[in-house]
Structure formats: structure tokens, C-alpha cells
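Could you have a look at this structure, given as C-alpha cells, before my questions?
First chain written, first letter: the chains are A, B and C, and each begins at residue 1.
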Amino acid sequence: MAWYLVKRLLQLIPVFFGATLLVYFLVFMTPGDPLAALCGDKGCTPGVAAALTEQYHLNDPFFVQYFSYIGGLLTGDLGVNFSGREISEVLAGAFPATARLAIIALIFEAIFGITFGLYAGLKKGGWFDSTVLVLSLIVIAVPIFVLGFVMQYFVGVKWGLAKPTVSGAADWSDLILPGIVLGLVSFAQVLRLTRTAVAENASADYVRTATAKGLTRGRVVRVHILRNSMIPVATFLGMDLGALMGGAIVTEGIFNVPGIGNQLYKALTLGDAPMVVSVVSVMVIIFCVANLLVDLLYAWLDPRIRYA
Amino acid sequence: MPENNFENNDATGRDPNPEARSHEAAVREVRETADTPAGSHQKDLGGLSTGIMMEHFVADVARTPVTATDSRSAEGAPVSLWRDAWRQLRKKPTFIIAALLIVLVIVVALFPQLFWTQDPSAATSQCLLENSNGKASPGHPMGFTAQGCDVYSRVIAGTRASLMVGLFTTIGVVVIGGIIGALAGYFGGWIDGLLARLGDIFFALPLILGALVVMQLPYFKAHRGVWTLVLVLVLFGWPQIARIMRGAVVEVRNADYVVSARSLGVSSLGILIRHIIPNAMAPVIVIATISLGTFIVAESTLSYLGIGLPPSMMSWGNDISDAKDAFRSNPMPVFWPGLALSLTVLSFIMLGDALRDALDPKARKK
Amino acid sequence: MRYSRISKTLGVAAVATLSLTACSGGGDSKESSDGNAVITADSVEPQNPLVPTNTTETGGGVVIQQIFNGLVTYDTEGKTQNDLAESIESKDKQTWTIKIKPDMKFTNGEKITAQSFVDSWNYGAAAKNAQGTASFFEPIEGYETVSAEGSTEDKMSGLKVVDDTTLTVKLTSPQSDFEQRLGYTAFSPMPSSAFKDMKAFGENPVGYGPYKMAKEGAWQHNSAIDLVKNEDYKGPEAAKNGGITFKLYQNPDTAYQDLISNNLDVLQQVPTGALGNYKSDLGDRFSDKPYAGIQTIAVPEYQNNWKGEAGKLRRQALSMAIDREEITKVIFNETRSPATDFTAPTIEGYEKDLKNSENTKFDKEKAKKLWAEAEKLQPYNKSEKLTIAYNADAGGHKKWVDAVSNQIKNNLGIEVEGKSYSTFKELRTDAKAGKLTGATRSGWQADYPSMYNFMGPTFTKGASSNDSRYDNPEFEKTLNDGLEAKSAEDGVKKFQEADSMLLNDLPSIPLWYNQANTAWSENVSGVGTGWDGVPEYYKVEKTAN
């Protein structure tokens, strides 16, 4: 088990370099000249353009740029972004808000998705099952930028149940509404996953056996049905943590959460490679660690699964 | 709800070798059990829910002549899993409804001219600002968009692109992600390490970044359309299915029937294809059918950002995002394409459910 | 568009009626203004550190405007009025003598002298400092040396300090509107501490203006910038409130939601997403006023279909096939006004009915006729479909591009469609390289209130924003005559002549003038908008209930 952990953590290294190389290359390849973005509509004078090119190493070949970035990274210096701010400072400022947002979304989709899914799965085909199916259809069919604005308008502005936008500090309480919006699509997926797995396991032999043994209904559901239904759900939730952190661009924009999504999108449109790579690198690490945790969870959920 | 109801769908759970049983046999057996005195206190709820399995689980075998049971397994040659599933499927009302809906959507996508009153991309059909956000009127049953275009004919015309994006992306991620996930989960070890980490890298990449670059490659720039979009979505979407598949395979590979198949000397590949994949498909089908809808919506987001379909190409997603601004004053241009999208997703979800039930003998309904 | 001034989202004001409106919201509670109350306003995260010579985009620009005033400022109509300057004089419009008011101080207590100006301008112009506003110093003698590629020089020979309060500026040629230019924030003085560590200065800038940064670290990145009133400010823009907190928004629709729930006091511009509802949401709490900005479509003359005489006729046909009245009414809900020239109604010398302005009037029949005439000269190549490029990362452009495309398609019977670029930089790269395959959205947002500023940078040969590659020596000569004219009136006449030439050639097609649609909450009064569409925050009063 310990060896498995070490092995998985060691795998982070090639993943990290692979991802940074790939992302740096992709940003390098994005169309358009970063100078055009830096100079705006009115353009720069040739002298200013030359100075900016030098300042941001825009003319260096790809590998020179990449290795100078990696070199800085290894000495703990991520460099500055196109706004002249330390990238490490930008990350430290923006990640906590995004992390809080993602965690709220994750908790929301886990609690409601699993509860609703369990109930729907136990009574497959019943009215509750059909209702949540329609509910998930709405969530799936309406893009988040429409859904977000509608919820912001009604919940935040019209009914005054929550602040329509997030204040500078991005406290947990401010992030509840955006977190729910962010988690909605995943909520539908968790719900359907749980429902299917529960419906399947509810008819499994061991459940019948457990019931025959005279276990209470609650215990059968909790220990035998739910626990055995959790593997696909846990897999999904583990992946979703990464997806939520990176995929919050739209939600963060709607609710004005000062998070990483906006920084990433800005850097992308500018072609600010060091900034993009730094953000993605952190996400790769979070993503890998979350996946590792899920793999460890497998063994707990299903003792037959062993790691070596 | 009484406790007995949740187990009642399990007509076939008793059978030690479900895969080798023909459907007719199963039905016959169900009828027999329903007629037996032991089933006297079970309620027949239209074939969907019946009675208390615990009781006739025991009684059933005792009252069925042993010879009958024997003859059954002898009479039907082992039917392939998929053929068996098909026999299950075609009797299910949800499957029939879903299939009809899907056929309808496909017909609309292939032959939109049968449905629209006027080709919205033709030079003769004009979007006039004087009709902007107009209400429904004769000949325009769904009203007008902010640009004064007929919503109905746009919904019809948008079907093709939306369905193609949703369907082919889903097929792409299920095939690629499914294969990679199955291999990673089944073989474990370095194969798992390699494939899973590859997936991690791709999944951590922002879709927008990938799409920005890929859409800009010379070939893609010149041929921007449904296929390039599908390719980008598959390229950055497969890790999700792979990961789900891997998890399900890891769970299944230790199941009793796999262990026994292995000890019987069935080849690795045989086990994977015949036993593991069918049993691990359930979560993949669930995610895939939902993703079908999210891919259609993702198209609108990418198009909105200028890296999806060209603006001249009609799609539900594009129309929904265009209508967003006027949502508070005129929600109908969001509603209609949204409804079309929902119905399509609904039919695929129902189809997926039915397919999953059919593939999984344990969950078969009577 | 995040980085461009053209699509700057700006705001406005109708002043007299406002306090009445605000009162009605308060019911019978008695209202009085509180001179110490801080107002909230919207902006976006500045792209660069807050250095006046390096700020060309709106997020930073609006803050810089509040904390850096220079020799002159512009009043509501765009007329210059002295601020730090005692007098600005020149006999030949080439050598200028500038006298500064004595005993003026930066907010850190340092004295503002002639040297402060010379240092700041030299810093802004020198290529080695890579300042975004460098080109504004172009008229000054010696600019060529310091701005050359790789130059290490940073002293312009045209700038001379005479004594503590006097400096002379020698230009390379006479410029009748030089004084007007001096109100642009790039010409504001910076204290000596700035040149020691510009990076630290950009985080906590110190200047001279109606406001100052509230404290060290008042710029909370991506969230807010806190300004407080500068009690020592002695110019014409003294603040009537205690300070401004700029909330930094990622999305203008979000700022709007905050406004209608009274979490935001002043909104620069009603966003496109709220155009359908803002009148019912806000009652009377908004204003619209034209400002110095215009939206156009540039049609590059390097494309075969748009070359020469036939190209000109076709461009005129396009222009007449667009019903500007209808689009501004339906798509923009009257938040833009149809354009009839290439400048803007708030600029001195603007005339609604210049010669050739009939080319901007909707006339379907004439458009068809012109198109047919062009066909006789050179047939239109249908395989090169007309596209109108826009960048999607800004949002809001697709709507009007679609409407314009539909109108041209309906009225001329040719294929037209929008072409979306994913990023601004990609569109700019193609435009600069002359690689556009169709028309592109374009336009101008004035830096200083002068007709020249609308035409010089966009339609002269080699100018950085000349997307259509217009090249007309006669036009350029007329413009130059205007610049060198002895009196402002003569200058304006020449500029109008140049404007008429553009209206005939239509290197780009004028669509509509921008309007500032400032909106405000129930908690403030006196909101007004300047000539450039930015709210005049210093006039806003917070009403206490």
C-alpha cells in the first residue's frame, strides 16, 4: 500500500512535465501575436514593440522560452505575467476563492445528487424518479450562462435571498449561490449515476441475502446498497473536483468571483504562456491528487480491490 | 413504500446462469410463478412491479417441475448477450418511445425540408428587424428571434448540427474513452499508470485552450464545421469516460464470475469483452447519455467564444446563447431550442436506461 | 473589448433632473447629501500597473483619470480648462511656453515643478521604458531619437525647464491642437519617487487629482480599488463626495445586477444584456448622451472586390443598404445614434450634414443602383463572400454584426455573414498584417476632443489603426493643413473637408455614434457624464436617507 502511494506520487513528476510542456506548446501555438494584445487597438510604436518583445522573451524559440520558465519554476520563481504582477502572487490571490467555490459545488452535488439518486433508484419508475429526471433535463439543456443569470436575477435580485454578486473577500456564505449554479450539471450526473447503480444493486443477491438475514431496511440501504453503488459516483466526483476548478470561468464571471477562471481566460486571450501554464500546472496536481484519493477510496468501498 | 417493492423487478435474479437463458423462457417462468398459489398475495402492477421475491424465490423452485427447468436450459442454445438484450429491449415501452423520438429527430436532421415552412438559410428568407422578438403568428408558430428570424424554422434547421455534434462526440468519447479505460482498469500496472496519467494531462487542459489551438491549425481553419468540432470535443472529452470505465472495470474484475471465468481458462481478452465490459457499461451509459446533452450545449459555449461552429451555421446551442440577452423580455427563443434539446437528451437517456437494463440481467424487468 | 479604447464601455449624464428622481425613491424621508460618504462605481481590473504613461485601456484609465490631473482638464463639453497650468501660450503653434501654478503638491507632499513634467514626459516617450502611450509624445522635438527601436536615450531635446514653474516645449511642426492634447492623462506629472521604482509606484500610485489612493494596498487586485478625496486639490474638479470605491467586475451584466439591487452606485454603461429591460428596471435613473466614440466597419481596399472605382461604388452601396435607424432602435434600444460622419457629435466642428453625408442614409433603391453600376466596371466575385469580422472575447458584437449582415443580405441580395475571431489579438494580428479576408468591425474612441484624433490615426497611410489601408494623399494634405492652421476655426474647416472626402471614399462605413448610458442607484444624485463618456465622479453626491 505504501509502495503504491509512493509510486503514484512519483508518477506526478512525468505528468507535471508532460502537462506543462503540452500547455506551453499549445499557448505558443495560439493564433495571433501577443504583442497585438499588449498594444491594444491603437498599436505600439516600433520602439515600444521591440522593448516589450524583449521584456517578455516573445521572440525566443519555443524551447528556450519553455526551459527558462521551467528553470525559474524549479527555483521557486514563476516569473511575472503580462500585467507585470508576480504569478505566484496572482495564484495565491485567486486560488482560494476558486477552491471554496469548487468545494461548495462538490458538496452540493454530492449530498443532493446522492440523496436524490438513492431515492429515485430505490423507487425506479415512480413519480419521484420521473420528477428528478425532468429536473436534470432542465439543468442539462440550459447552458450555464443562461441558468446562472436567471438564478442570479431571481434568487439574488428579485427575491433578495442571496447577494447577487460576490464581494471582494469571497466568503463561504457569498459563494453558496454560485457554488450551486456551478454544481448543477454535475448534480444531474451524480444523480443519474447513483440512481442507476442503486437500482442495479438493489436487486443484487447480497441485498436479498442481507434482507433475508433480517437486517433493517435502513441498514440494508446504507451498508449494502449505497456503499456498493458508490464506486462510479466517487470516480465521477474525484474527476469533477478538477473540472470544477478549471471550468468555473463562466460561473465566476457571472457572479464576479475573484477566482482563477477569470485569470486563466484573460491569460489565454492574451497568449500569456507562463501565466496559463502556471494555472494549469496547479490544476494538474490537484487533479492527480484527487484521482489518487478516489483510487484509495475504491479499496475502502470494495474490499476486494487491492493495490500493490 | 413497502420494503418488498424494491426487489420485485428481479425475475431473473434467481437464475444461476442468466446469460444462457432465452427470453421466452424467462417470460414463461414469470407467468408460472405469477400463477402459483404462493404468489397469491402479490400484486400484479402491470408487469412492472409484482410481488415478494423472497417468498417465491423459495416456493418457485419447489413448485416448478425439475424436468421443466432442465428442459429449458437444454432447449435454447446459449443466446449471445447482445441478441438477448435486443429481445428484451423491443418489448419495453420506454425503449419504443425513446426509439421513436430518436428516429423523429434523425428524420428532422436528415430531411429538414419536410418540416420547415421556409429554408431559413435561403436567400429568399429574410430576417427582418421589424419582427424582432415578435410573438407567435400564423406561419410562425414559435415567434421570432431578436434578429427577427423565424424561431420554428431555425429550430428545425439547427437539428442537424446539434444532433451530429452531440451524437458523434458521444460515440467518439465512448469508443476511445471506453477502450482506454477498460484496458487501464483491467490490466492495471504500468498500462494503467500510463493511460490514466495521459488522461489526467488531457483532462487538466482547459478545453478552451485546446479548442483555440486545434481550431487554428490550417486544415481546421479552412474546414471549420461539425466534424472539426466533434474532433476537438472528443480529443478533450475522452478522459472522463475513460476514468469512469476504469473505475467500473476495477470494481468488476474481482467479481466472482470473472474469477471463475479466469479459472476456466478463458483468455484475458475474452473475459474483458464477454464479461467485464458488458457489466461495467452501466455508469458509462449514464454519463454518456447525459454528456450527449452537455456536448450540444458545449458547442454553443465554444461558438459563443468564436471557436465553435461558424456563425452562419444554425444550431440549437447558438440560438440559445443568442437569445440570452432578451431572456427576461422574450424567453421563447431560449425555450424552444431548449425544449428540442431536452427532448433529444431525454430520448437518449431513456434509450440508455433501457439498454443498460437489457445488458444487465440482474436488473431485468418482467 | 478588454484592451481597446474603441469599445470602451463608458457612461453619461443628465444632471438637472436627477436629484428629483433620487428623492422620489426615498419617499418622505428627508434627504441630504453627505460630502464624506464614499460612492461605489464599476470598473474592470486594470491591465497594467497604474502608471499614467502606460495606461491605454479603460480599467486603469478610469482610475488614472481620478488621481492624475495635468496641466489642463476637459469640462463636460470637452473644452479645455486650466488645472495645474497658469498659462499655455505659443505664437507660432510650434514653440509653447507653459507656466505652472506655484506651490502645487503631489499627494505625498512633493512639490510639482516644471521638472516633474519634463521627467514624466521623457519617461513616457522613451522606447526603453516600453510605455503604451509613447506615441502621444510624437509631436515633441527629439521624440524620434528616444523612441527609436533599441534607443537608450530618454531626454527629448524639445523639452526645456526654464525655472521651477516654467517650461518650453518645441514641436517638430506647428500643431494647432497641442493644448487640447495636454489634458490626456499621459501628460500628467509623476513625482520623483515614481522613477526610482516604477513597479512599486504602479501598485500605489501618487499623483495630483481630485482623488488619491486610500492607503497602501488600496488596489485589491481583481476585487476593488479604494480612492479617497484629495483635500489639497485646488483645480476645477473638486470632489463632492468622500471617495470612490471602484468595484472590479469581470462581466458588465453582473455590475448591472448589483446596480438594480442598489449594491452599486454608478454604472458606466448599461450592458447589452440589459438593453431590453433597463428602462423598466431603472425608471429615471439613467441618462444617455452621445460621447466621443464611433462604430464603423472597415472594408480593406486590398481585397479584389473592394478595389478601385468599383470597390468605392460597392462600399457606398453597402453603406446605403444599412438602415442605421432601425438597428439603433431595435438592437440597441436607442442607446446608439446613427452616424453621418467619421467624428462624433460632442467634438468641436462636428456637423450633421456634411457634404457626402447622404452616403450614410438608408436608400435601398440607390444602393441597388450603385451595386449594378459597380458590376459594369468589374463583376463581383461571389466566391469571396463578404464577412464582417469581430472578436468574440469582448462579447456584444455578434448581435449588431448579425443585424447588419441581414440587412445587407436582404437589401442587396448578396451573401454576408459574421466571422468571429476568438481573441482580440488574433483579429488585430490579421488586421495589422493586412490579411483580413473581409470587412472588420472597427471604430474609434477619442483620446482628446479633436476631429483630427478621429481621422489621423485611422485613415493616414501607415497609421497603426488604418485597417482598411486607405491611402489618399489629398486627404492627408487637407488634414495637415488643418493641423497647421493659424486659428482653430480654420483648422476645423479643413478637418470637415477631410471628413467629407472620407464620406465619399468610405474606407470604412460609419454606423453609429456611441452613447454613454450611465445608470445609478437610488442612493446617489448628480451623476453626469463627461465628453468622453466617463461619468464625472467628482460631481456625484451620496444622498443620506
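In this section, contacts are C-beta pairs under 8 Å (C-beta built on N, C-alpha and C of every residue); 3 or more make two chains touch, one makes a residue touch a chain.
From a predicted model like this one, the values you see are computed outputs, not experimental measurements.
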Chain pair with the most C-beta contacts: A-B
Closest chain to global C-alpha mean, per-chain Cα centroids: A
Averaged-CA centre spacing for the pair chain C and chain B, given as whole angstrom: 52
Chain A and chain B: spacing of chain centres that average the CA atoms, whole Å: 24
Centroid distance [mean C-alpha coordinates] between chain C and chain A, Å: 39
Multi-partner residues of chain C (each touching 2 or more other chains): 273, 393, 422-423
Chain A, residues touching no fewer than two other chains: 30-31, 149, 153, 268
Of all residues in chain B, the ones touching two or more other chains: 212, 304, 324, 328
Touch list for chain A against partner chain B, complex: 7, 11, 14-15, 18-19, 22-23, 26-27, 29-31, 122-126, 133, 136-138, 140-143, 145-146, 149-150, 153, 185, 188-189, 192-193, 196-197, 199-200, 202-205, 207-208, 211-212, 217, 231-232, 234-236, 239, 242-243, 246-247, 249-250, 264-265, 268, 276, 280, 283-284, 287-288, 291, 294, 298, 302, 304-305
Residue ranges of chain C touching chain B (in the complex, touch as defined): 272-273, 275-277, 323, 326-327, 330-331, 391-393, 398-399, 402-403, 406-407, 409-410, 413, 415, 417-423
List of chain C residues in touch with chain A within their complex: 1-6, 46-49, 56-57, 127-132, 134-135, 147-151, 199, 202, 220-224, 247-251, 253-255, 257-258, 260-261, 263, 273, 393, 422-430, 432, 457, 464-465
Chain B - residues contacting chain A, complex: 1, 3, 5-7, 9-10, 13, 48-49, 53-54, 57, 193, 196-197, 200-201, 203-210, 212-213, 216, 239-240, 243-244, 246-248, 250-251, 254-255, 282-283, 285-287, 289-290, 293-294, 297, 300-301, 304, 317, 320-321, 324, 327-328, 334, 338-339, 341-342, 345-346, 349, 353, 356, 360, 362-363
In the complex with chain C, residue positions of chain B that touch it: 123, 126-130, 132-133, 146-148, 212, 215, 303-307, 310-312, 322, 324-326, 328-330
